[in-house]
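In the two complexes below, subunit A is the common chain; its partner is subunit B in one and subunit C in the other.
Entry: the complex of A and B
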């Protein structure tokens, strides 16, 4: 691998369910190169989210190794993992995870505010970020005054506020209609091709996965197929 | 047959020569319909005999040009066709259907391997269609909406094929590794 930003080597994660043990991710080995857009597909329960959590340091492996941005994730303390995620990784979720009582700008500024950056500076940076997402006229709106597509763009702006090189998205279009979904996918594609960020996206939608330049399909916690599609040039 | 009607529709805007017709026809089908200029000329020739188009020649020698124009009978034919929903959608005919039929009881592992291969091909096709869609979204090309809708049609069909492949795999997987695993009914 030329320049891997994530490397999994036999990574395994199990969960207890009653007396049974489920192997959600079963000895997966793979590497993600810097600047690529990887889509992860598979049926419900095939282990997509668990794999994403292992790749992003939200979970650590029970067996095998995960190397994330040059660190052995299994060897880092919880605190170090938190800092690594805060400074180098952005997350985007299916249900946006915006705080309902905050405005769009405040939601986007939140990571900076939590890091004790001056409020005025944080908010003006958030406004700039929202403007680049075409949301300049929505900065003072609360989430319930925004459409699904707008909420997801706010969530993407929030994920980008620390300028992370690595973005993870779990079903980012799962709650959007096809037009809003395509806008979000085009945006993610731009973040890869124009800004050089690395993107890993979980989706069950093959049309969404087609925006990636690599599609990994999972089955029962294992890689079923690993397909290089050549990607979408933009 | 809609090559004929497509030609009539284009000529309804004004006379064209054969090569212009071919380019505009490709535009109408989003380039998804392989048609060579020879087929255009043979169709035009038949249409001329049927009185749907008329040939106009102008110029001489190297400047000689043949253009076609639609006749009144041609316009009538076109109007009728534009109001008639096609009764038979495209035929569902796929090489893989035959391969699957031959492998399903003879060599199930080979059938499953072939399913993976076909899935890969479909994902590559989705990526290529998506690439065209992204380029189109960034262009201000005339006729963009029609072309975008055709790409959507192709994307949704490939998606349906992928869903069906998952079903094939599930059904075959449930049957077990091969014909030996199947017991005859008691």
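Entry: the complex of A and C
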């Protein structure tokens, strides 16, 4: 049994929508173990993105507890949570979320630059990362000069620049064609199996979820199903 | 369909309250300034014209003095017999303080012949009758109310020999073709007015009524022949010319200040409306996809802009009216009273309302036109695609550079041409110069988006990176994504700062120049005048009083001085200064631009000589040793020019004359002020107190110390600049709003980017730094261009100060104005950025990441 990198204990998160209060995540308890690939599935509005945000420290719980990398996320200050994200967590988003004014290399180097690492060093590391993603010839391109698949690979490189043990991916293939989507999923799987990183991915696509070795299905903010699949072979 | 429009617009405008409010405020501020300036200008002009028309009554021609000095009364009999003249009605006028018990007022008084007066004017007597005998006076109902006096009461009227008692015999309405200016006035028998105002045997005006068949031009020519330069003939409206140049300068300055604010307000509107349209591109595209035609989308957007424009204009009209009321009062009190003009309240008429609405709605619709066309030009499918929501900016860099460069260069060349060869004392030339200046700034505005990337590469980015590290660089890069929007925002600040540097620098240079001149020239310890503080109602003093003052213990020199506006041979006014040159050199040695003071004084004492100021010499094309012809009540006289002086007051030129010549040719012994030099060891304050004790109440005296006089003079100068400063700070406020507005709009647009930054590890402080960095960079761009243009304008103003406002100003680097402008650019701008920065830092990261 490997140790847990994330533990949720009765974690609850509510939102106000107009006058109504919606419980997006309803007293979920679970643990994510180091080096695993967890896929979170569910219909639209099931609470899967909110769960991801709670697990990653982008949101804090209204009730219950989230332990992230050994820290009680609810007790950390905004600054400490920010630093935790910057140094130990990588994010991959559906819409890539690259800054349009920066080049591919600068986008990748963003976490290092924010951590005030020397610019030259940060950019050279970013170039290396991009090269491993097969984007060596795109380092100086701006996002609007890249294809969807390329943009997502840049986003993955950015997520990895700090060599984080934990990666969160929110619908990483949602905006890609099937070929590019599969490339990204294989890359994620590779990061788990070869590099031992922990991956938590939100998706509504069962084929994508099959890359995980555990699939958690949500319904109305609660865990409906939590099964270990072993994942697809790579 | 209309129901749909209304519903869509209402939903959008209410959902985007902040942006709607900002747009409305931007429009309101612009309209406020334009309305305030228009109403103030109209009030000044209308008052002045109505004063002239009131004075004129039914007179078709008017004989007036060639200064405020009167002309021989015999002239009236001479013109009365000119063929074509049916009647010649004489009058004498003066402003004077009047007392009734404890109550005191300043008013204008007219000496009239009641039986003849009825020919040219109607008096609506409400109580009593017109004055007929010595010691009788009739006053307007307004003055009666102020003094709380009516028929039978005795009032004290200041004469050249002190207060004199008069009995009020009548009260009349100040309406119709009565004599008088706006404000309170009274009439008394002509002979009495001549006696008490020091005009024995003299008149100030003769109103002429013509025979029915007579041609005005012909009669005027015949009258002028008779006058032979001792007085002038003209229509009542001709007198407007004297004051027109003064009003023109004022109106010009007001107009420039109003344009700056409209300029800045225009940018806010442009940015907001433009961004609003961009933000709604998807919604508008859905409408297009569902069947709304291009024209209908454009109409929807323009309709919303017009709605915001109308709301802003309504607020602006109200605020503008309030501001105009304040400005008119301030102008009257601080500035125009010196010239005897009193402006009544500002009035908001239908034409102003229409103009305000047209400006507000027009600018808003104009700003929305481009973006709305751009939106409908893109296919709905393209616009509905997920992605960045920013408006693609045009890529016509070369075309823009060419157009901007051409405007800047042409306007620049025009400015140099006007300043080098133009006659800046002419209002038309000044208006052209002002227009060129605005065109020059507009050229820079057009050019700025092209210059920005260069500026960013060489200055902004390195600077921001050095100051804020990576976040600073991110800030400048963000700005460069929308050079046109950044340029528009920075331009608003640039225009305000240009005028801040130029006007502030000029005011400081003028003050310093005046101070130098004052220290060198004004050697007296005390200055005595009657009713000095009621400057519009000053009464001359009789010469015997000078001897009385000389006899006061502690007084070493009592030097009489006489000042008056006169009309020169070219028909334009000048300022006559008369001194006793046996006394003047004992306490003053003013610097001369040409000639030697000591030698000049000797020549003046000998008679037949004058010194004139440099602007007058330039205006008349005269130099040292030339002869100057002065129109005197004894006819034209020629004087040798023995010195050319610096000009420090906006009188359009001064003539410096010896008292003996003045008494001889003007036949006038009265004194405007008496300069006193105290004995060594005597305390000027004690002497001042003694004079006030002996004569203060009797003669309504004001005795000013050297320092007091300087302070009062500075206060008058400052009064004008305070108004300008106020207008400039309003425009700075508008540009500050423009910066905050652009930042807010930019943040809304890039909300997701800030979410990414926060998600990838930017702390709140770092997020704030990005936004403050954007504000600082915008401020730096505006400051840089504003400082450059401002210094250029300052230089032009100083160089042309002599023609521009009749005062030669020495060139001094405007440190204070420059540092203030830099402060505004580099401190105020980031401060303005703090609010949006806090908002950005507190943004919900998850919400921001979801933001489309």
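Throughout what follows, the second predicted complex is superposed on the first by the 231 of 234 C-alpha atoms of A that agree within 3 Å, B and C clash if a C-alpha of one lies under 4 Å from a C-alpha of the other, contacts with A are read in each partner's own complex, and residues count from 1 in each chain.
The rule we apply is simple: a residue touches a chain if its C-beta (ideal position, glycine included) is under 8 Å from a C-beta of that chain, and two chains touch if they have at least 3 such contacts.
It should be emphasised that the depicted structure is a prediction, and the values quoted were computed from it without experimental measurement.
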item	value
First (subunit B), second (subunit C), both or neither touched by A:44	neither
First, second, both or neither for A:77, with subunit B first and subunit C second	neither
Touching partner for A:53 - first (subunit B), second (subunit C), both, neither	second
Subunit B versus subunit C as contact partner of A:116, first or second or both or neither	second
First (subunit B), second (subunit C), both or neither touched by A:85	second
Partner chain(s) touched by A:97 [first = subunit B, second = subunit C, both, neither]	second
Partner contacting more residues of subunit A (subunit B vs subunit C)	C
Which of subunit B and subunit C A:158 touches, first, second, both or neither	second
Residues of subunit A that lie at the interface with subunit B and also at the interface with subunit C	none
Subunit A - residues contacting subunit C, complex	50, 53, 58-59, 78-79, 82-83, 85-87, 91, 93, 95, 97-102, 110-111, 113-116, 119, 144, 158, 175
Subunit B residues within the subunit A interface of the complex	116, 119-120, 122-124, 126-131, 134-135, 137-138, 155-156, 158-159, 162, 166
For the subunit C and subunit A complex, residues of the former touching the latter	386, 388, 469-471, 474, 477-478, 480-481, 752-753, 755-764, 766, 845-846, 849
Contact footprint of subunit B on subunit A as seen in their complex	43, 182, 186, 189, 206-207, 209-211, 213, 215, 217, 224-225, 227, 229-234
